[in-house]
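Consider the two complexes below, in which chain A is the common component and chain B and chain C are the respective partners.
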Partner chain A sequence: MSEEKSKGKVPVLEVIDIKRHYTQRKKHLTADGRVLKHAKIHSVDGVSFTLNAGEVLGVIGESGCGKSTLGRLLVRLEAPTSGSILIAGHSAEDLIRKDRLNFRRTTQMIFQNPFDTFDPRFSIEKIFIDTLKLHKIGENNSERRKIVIEKLESVGLIPAESFLDRFPHELSGGQLQRISILRSMMLEPSVVVADEPVSMLDVSIRADIINMLYNTAKEHNTSLVFISHDISTTRYISDRIAVMYLGRIVEMGAADEVATNPQHPYTKALISNCASIDPRSKHNPVKLPGEPPTPVDMPAGCAFAPRCPMAAPECCKTGQELRDFGAGRFIRCMKV
Partner chain B sequence: MRLNKTLKIIKENTQLKVGCMMLVILFLAALLAPVIAPHNPNILSDDMVVAPNMKYWLGTDGLGRDILSMILYGARTSLVVGFTAAMIAGIIGTLLGGFAGYFGGRIDGVIGEMINIFMMMPTFFLILIVVALFGSGLFNVMVVIGLTTWVGNAKLMRAQAMSLRQRTFIKSAESIGESRMAILFKHIIPNGIFPIIANTTMGVAGAILTESSLAFLGLGDPNVISWGQIIQNGKSYLVDGWWMCVFAGLAIIFTVITFYLIGDGLNRVLSPKLRNLGKEVRG
Partner chain C sequence: MALLSIRDLSVTYHSGTRHVKALNSLNLDINEGESLGIVGESGSGKTTLIMAILRLLPKGSVEISGEAFLNGKELISLKQEELLKMRWEEMALVFQKSMNALSPVHKIGVLMSDIYRIHKPEVSKRDARRRIEELLELVNLPSRVYDLYPHELSGGMMQRVSIALSLMFNPKLLILDEATTALDVVTQTQILEEIVALEKKLGITRMMITHDMSVVASTCKNVAVLYAGCLLETGLTQDVLVEPLHPYTQGLIKSFPVFDNDTHQPLQSIGGSLPDLSSPPPGCIFEPRCIKACDMCRESMPRLKEYGQGRFAACHLAGGEINV
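Right, the complex of A and B next:
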């Protein structure tokens, strides 16, 4: 990992302070009884990071912390409210305006639900051929078919011909997710966002799919943004981990560092609640009171302060910056 | 293979089975009208207002035309009007509804208002005005019926598109690089068309009824034989010659029931609960 970083050219992906706010249609009743009209939901609220070629960034956090929205922003399924995303130094907005297909080739997404990733009316062959045709890969359909068969066999979907005529509902989740990864990788993207790619799969095949994703990404030197709420999986696959809370990154650093030596109180609580397979290991989870609030009407100070075991009065007053602690470690807490 | 599955589904659904059989009868009657009609429906004979007998099975009208032959030929008019008008309504409704539901935002706002306006309008009177102004040719009648009855289809398609656009495979198609237009025509419409198919089938019945009503009011195409026209002509003989109105009326009822049965049957077969069955047919 570090040797790739030291090559130190322009990062493949640079995210600068992106925000995505949604306006609520209904009136919002705040905890203290005020009624807000057209309340803003700060789903992603100022996220910045860089990603180098071939690097794997894990994004973890509770449900509703904005990690999936972040993923959708990265592949431009949604436009950010503000902030910018640079791909190899070029603004994603310009890229997509200039050449949409080319942009789509550079960033790809693996979705959570493999059972619904493909049009149920299309056979696997049509799904692949259409994608290849769209991106003008291969001269004619028989050549494209050959490419597809080769790819399918390379990931163990054998015999490939038998898969081509089948429909998505005839395949298992693992097979579909392989096909989904394969289809995305065929476009040779430089960034792939995987939004909880294994959470809907059977536990027995999760490792296979993760390994396949990891290996194909390494093969093409593709950067990976791995969004998950499963800390141990994320630690296993990632070079770096970013922890999100209420639309912001609260801690980011090398995967092992964050997992073994969490600094931010939220990360500490999150990691300590992660089940270990070893029953003898010391295990005393930090209990957090309450639930993560909806990111409407954000408090002035640290967003985590109301639930933080270390919170002091000053935490609620001033906002926290993501501070650089050296060696790629960033923490958003004044107590650290 | 595919045909067998379709037949199986039709057999398993009573409405569809009965409806399809009735539709076959209708089609045969319309197609074979020149062969099976006992008389030329346009020839005025001397046997006027004759009650049903062995020569004129369903009697004759005030001008001596054979009612049975007129009804057989009238089936052609009704089916052509019904299908064309319903198709126009189906296509307009699908396109507008698809655009509104998938693109959302301002497009949805504009189309939504159009839908509201057409829903408020007393459609039949609009048709009356248009036909009175622009003439009552069959073409006019079909187009104007089609142009005024697409609202139901548009609302159905809009709802379908709104729910489909949240599905992963639409997001996946977007992220793979397909244009929004391509997604609308390749994924949204084909996946959301089922309720429109059922609704359009019922629309055929509605269009046939509307055409008959127009003809009954004397606004039908005078150059073609239609059931509504037979009833209009028979109206003045209602006391002495009940058969003129009754048999033409029965033909209308038969046709309307046919399309309602098929529409209802399709609705059941293509409903989400049974969607897999429907998918196999399409697959």
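Right, the complex of A and C next:
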């Protein structure tokens, strides 16, 4: 971070220690029988990272680790409890207060289920043209229509005219997800958050969507935050990978480094459980005892310690810091 | 002898003027004690296949033809009373979403002992409870789960409850319909390992439906590739996934991101989408999406041909030669 600043390069996105806590309305019963009133759910609990222009950051973790909440915080669908998000050096808070429309133009999101992304009563043409109109692009509708057709054809939705009059339910999941990506990218945002964009789709068409997402992001020099639970896919698309566990980043580094040489015991376990499609390859998955915990009653020490195969008594007492191991590698474990 | 043999099974859904052929004269055998993985994209008829042999499809709008023999008994024409007896006891099914399969207003114990005592009415409540606690232990759940409601369990625990339910009467055939798809990788591997260990211990034959080929690669002995209701390739997993004969299987493997290799091989999709099964193409069912299709493929659907022991593929061009 400091290195980049000294070069005079401001990262497109800088996240400083953001937290998002929810308060539970019901009483919460902990595993050891205590009853908590107004328990805090630490969905995102102190996440910091920077993202440069055109970079792809993959975020992986089990369900409930807060990766989707992080995505929603980044595009400001939710306000963080504390911490700040800087977009090209300016606070997202100020940007959104000054000009909400312009903020939405710089940050966009792609959701998991394309069928829920669009209004089912709007035709594809209306979906695109409304967006363009709102952002005052194009003189009139026929000019906007031309822009849309050009965009659709650029991603292989040919003939584009035949798609314009159709409604979302008339398209396949893959086609609709392409349209969703296209709409998010149309205004050339500087940051796009893609939350599990291919997990709804069939394996046979995932590759096209992934490649299209990657190519459009690189073309516009857009920074991409790719949230997924699928490690292989994330490694394929990402420049860097951040591994999350219970609302915190436990390991971050270059994608190949993290994948081939994981250091944090949780990353090791995750990666060893990632099966190959080659039946000849041997894999010895690391077993993690217990269930993935809920981020309610956080342990005092390392959050992973209760399931960690390497845990020592001191791990349960003191919290761990995300330590810098050089070359952009960060690990939150005292044993490394 | 095969434990389950399916002969010429076809399923057609009728709706108004459309007749969708979801399964097209399928032939499949599973030997006792073996495991078969069925892969294919959504809409390829995987779930229809098991719903047909378990007779869970709605009557009226569905037309089923063909035969399915489980241990010599024909399932498609079996009487309702006999069928009810066979369910759970000889064949059991684990669904994808246990949260929807378990009753939210009953405790796990009540739910399980209900099923147990329907099949064995003479058993006392206390004995039923003992048997159920045994089952819970078998799938690595604490016995306190007996008194919990489904919403108090995590996804992995609920899936284990479903598996415990299916093992209640030591069924000969266990069918898993995307049973681990909704789980996290770590939990998924653990549950799969447990299932494999249990089936060795109890001598269960397993049929597994999934779209995740890595699951098949690590847990199944045989694999069958289904596409648009047709069986395109089948054989030992180690043969089919390493040297696929059918272009569809080859495409599926190419579109799967490989974690192990360090070279960044670009991922490739299979272009196009499933054909409309109410008006399928005249030739090979995969021809519209096949990159190797030739004139012959547009004319006739290739039949399954044997390529070595237990290895079948339905392609005119399989094995590098033209087969008529």
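To be clear about the criterion, the second predicted complex is superposed on the first by the 327 of 336 C-alpha atoms of A that agree within 3 Å, B and C clash if a C-alpha of one lies under 4 Å from a C-alpha of the other, contacts with A are read in each partner's own complex, and residues count from 1 in each chain.
Criterion: a residue touches a chain if its C-beta (ideal position, glycine included) is under 8 Å from a C-beta of that chain, and two chains touch if they have at least 3 such contacts.
Just so it is clear, the structure is predicted and the values come from calculations on it, not from any experiment.
Partners chain B and chain C fit side by side in the overlay (superposition on chain A). In the superposition on chain A, contact of A:D165 is made with neither chain B nor chain C.
Legend: residue contacts after superposition of the two complexes on their common chain; A:L101 is shown touching chain B, with no touch to chain C. Touched residues of chain A, counted separately for chain B and chain C, are more numerous for C.
Judged by the touch definition given at the top, the superposed model places A:E150 against neither chain B nor chain C.
By the touch criterion defined above, A:F111 reaches chain B but does not reach chain C. By the touch criterion defined above, A:P120 reaches chain B but does not reach chain C. Contact with neither chain B nor chain C is seen for A:E314 once the two complexes are overlaid on the shared chain. Centred on chain A, the angle reaching out to chain B and chain C in the chain A superposition, using CA centres, is 80 degrees in steps of 10. Contacts of A:D17 after superposition on the shared chain: neither chain B nor chain C is touched. Once the two complexes are laid over each other on the shared chain, residue contacts for A:D202 go to chain C alone; chain B is not touched. In the superposition on chain A, A:E219 makes contact with neither chain B nor chain C. Taking every C-alpha of chain B against every C-alpha of chain C after the fit on chain A, the minimum distance is 15 Å. The interface of chain A with chain B does not overlap its interface with chain C at any residue. Against chain B, in their complex, chain A makes its touches with residues 72, 75, 77, 100-101, 104-105, 107-109, 111-113, 116-121, 131, 134-135, 167, 169, 180, 183-184, 187.
Those residues of chain C whose C-beta lies close enough to touch chain A in the complex are 41-42, 154-157, 184-190, 193, 211-215, 217-218, 237-238, 241-242, 251-260, 262, 264, 266-271, 273.
Listed in rising order, the residues of chain A touching chain C in the complex are 62-63, 172, 174, 202-211, 229-233, 235-236, 256, 259-260, 269-271, 273-281, 283, 285, 287-288, 291-292.
The residues of chain B lying in touch with chain A in their complex are 167-169, 171-179, 186-187, 190-191, 276, 279, 282-283.
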